[in-house]
Structures are given as C-alpha cells and as structure tokens.
Amino acid sequence: MEPVVALVVLVALLEYIAFGMLVGRARGRYGVSAPAVTGHEIFERYHRVHQNTLELLVVFVPAIWLFGAYVDANWAAALGLVYVAGRILYLRGYVAGPAKREFGFGLSVLPIIALVGGALWGVARKLI
Amino acid sequence: MEPVVALVVLVALLEYIAFGMLVGRARGRYGVSAPAVTGHEIFERYHRVHQNTLELLVVFVPAIWLFGAYVDANWAAALGLVYVAGRILYLRGYVAGPAKREFGFGLSVLPIIALVGGALWGVARKLI
Amino acid sequence: MEPVVALVVLVALLEYIAFGMLVGRARGRYGVSAPAVTGHEIFERYHRVHQNTLELLVVFVPAIWLFGAYVDANWAAALGLVYVAGRILYLRGYVAGPAKREFGFGLSVLPIIALVGGALWGVARKLI
C-alpha cells in the first residue's frame, strides 16, 4: 500500500478505536453493564455509531487500497480524508439525535462509493 | 492484489453495500427507528443477514487475497464467486424464514474455509 | 504480505471462525433461536466475545500488514501472537463472568495499539 494511502487508513483506524473508547465510557456513564448493549438511549447511540463505523470500515479499507493501487494514490487519500471527516460529523449528529445523523452519514458513505466505483473501473481497465 | 481477485472482492463489497441498503429500506417499511435494531421480525432478519455478511466479509477479504497471492489467483476468484452466490441464497432463505438460511449459509462459508485452508497451506509451503 | 505475517493473520482468522462456531453451539445449547441475539446470559457472553473479536479484527488485519510492511515482519508476527493469546484469555474470562474479561481484553488490545502506532511511525518516516 502506498505510504499516503496507508497514512489515511491508519488515521481511519485510530478514529474507529476512539469511537470504541467512547462506547466504553458511555457504558460507565449511563450504567449499561456488559453484555447488555441496550438500556439507555444515549449509550445506544454511541454503540450504533461504533457499529455503523465498523460496517463501513470493512468496505473502506479494501476500497481505498484497491483505488490507490489501480487508480491514483493521492485521490484515494483525499477521498479517505472526506470519509474520516464525515464520520466525525456522523458521531456528533447521532449523539445529538438520530435524525441529525443523515448529513455525516452521506459524507462518509459517498467517498466509499466513489472508492469502490473508481477501483472497479481501474480493475476492469486492466482486465479488458 | 491480482486484478481478477480484486474484481471479485469489489463485487463482494457491492453485494454487502446492497444488503446494507436493504436494512435501511426495512427500517422504513417496518417502522423500526434508529437506534433500535429490534421490534419487527422481518426487519431483524434483514439486519441479521447484513450483520452475518459483515462477520464473514472480515475473513473473506484477507483470505481471498492471501489465497490469490500464495496459491492461485483464478481459483481464488472462482471460490470468491461461490461465496457471492451463496450470500444471495442466504439472504433469500433467511428473509423467507430463519430455518431456510442453512443452505446459503453453507454455500458461503465453505468457500471461505477453502480460502483460509488453502492460503494456510500456501504460506506454510513458503515458510518451511 | 510477508509469509510470517500472513501465517499469524490466518491463525487469527481461524480463531475468529472458532469463536463464531461457539456462538452457533451456544444458540442450540441455550435455546436462543435466530434472529434473536438475546434471551440467555451465557449465549449473550459468547455472542459478545465474537462481536468484540470482530470489532478488533477489522483493525488487527490492516495494522499487522502495514506494521509488517513498514516496520518489521517478525515483530509484527510476534505482536500478532500476543493478540491471538489475549483473545483466548478474553473468551475464557468473559464466559466465566463479564468482570473477568478485562485482562484478556487488555492483552489483545495493547498489541493492536502497538501495531497501529508502530505502523504510523513507519509510514510517517517514509513520507517526511
């Protein structure tokens, strides 16, 4: 993986780790003991932010890698940074209220779709 | 990653994104508001299909990559396509009724086990 | 990916697959039918162990890969084996009682933080 792409991947991993720590903190703050993952609305929001970021991260990492390898490393890194910023807005929006999660959701999903679509185009160009 | 393996990985990522969109549609259709992930049986089935696909995808991507690199790229791609088809049957079966999810589950898990086992053999051959 | 790093990644994937099989066994043993993921305390512990391992695995795989590529493959493999051992202790602790999961949790999270931090340093060194 190109260094500039690897850097953005590592930043996205750190962001996800931070979201996981916020879930742990919310467990204590709102009194939700393991193994439960429900019981307090605010805890559930932090938990859903973490889970949703997990759901995106499994696509983000291979997509940015393949886009970087088959299309362009700098564009891959730029799209990756939009994803990272979109996740921060998603966290802030969701914790304020589930209805406010839409903008950050879109801002983190759109670069992933661009990475997958671009990588598909780059790979197809090699194959045919 | 070899182009033919990358192509199948991207198809598997798109399938998983489509499953996620079906969860979003089921939220609206069956009236399950975020952050809840329970409350309507059919919504829960779509949600479990998406979650179970997430659970497999984190193994599938590194396994097909390493099998392609250490054993054979074309066999990796062929096994990957069986996985993608198995997931479609899993979705259709699960939504029809949880008991009907078994065949599609097996058809998507077996190629993953073949990819992990084959990659292990390929890596061990290099190391010893 | 270096063979020694690939070997540890595959061992971690097999461990995760085994944890998933324990969840399936617990479904039958404690009478929790799909799509439910709650209903029996012991089932929920196995399920949370599997989910938590999934949450870590999505960081572990790219982190050990990048550490192996940008820092050192043998150190990457050694840290990876600590993670694998930590997860076994986490499983045993959590099933015995959620409060006993802390040591295994730490032993599997610390090597991941070392892998991410080390990879970040290795990548930054290349970029500047």
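Which chain is which? They are A, B and C, in the order written, and residues in each are numbered from 1.
Here is the rule we go by: contacts are C-beta pairs under 8 Å (C-beta built on N, C-alpha and C of every residue); 3 or more make two chains touch, one makes a residue touch a chain.
Quick caveat, the model's predicted, so the values are computed rather than measured.
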| message | Do subunit B and subunit C, two copies of one chain sequence, contact each other through the same residue numbers, with over half in common, or through different ones? | response | different
| task | Rotation angle, subunit A onto subunit C: superpose the C-alpha atoms of these two copies and give the value as a multiple of 5 degrees. | result | 120
| In angstrom, rounded to a whole number, how far apart do the mean CA points of subunit B and subunit C lie? | 19
| What are the residues of subunit C that contact at least two other chains? | 54, 58
| What part of subunit A is in contact with subunit C in the complex they form? | 1, 3-4, 6-7, 9-10, 13-14, 16-17, 20, 33-37, 50, 54, 57-58, 61
| query | Within the complex, which stretch of subunit A touches subunit B? | reply | 41, 44-45, 47-48, 54-55, 58-59, 62-63, 65-66, 69-70, 94, 98, 101, 113, 116, 119-120, 123-124, 126-127
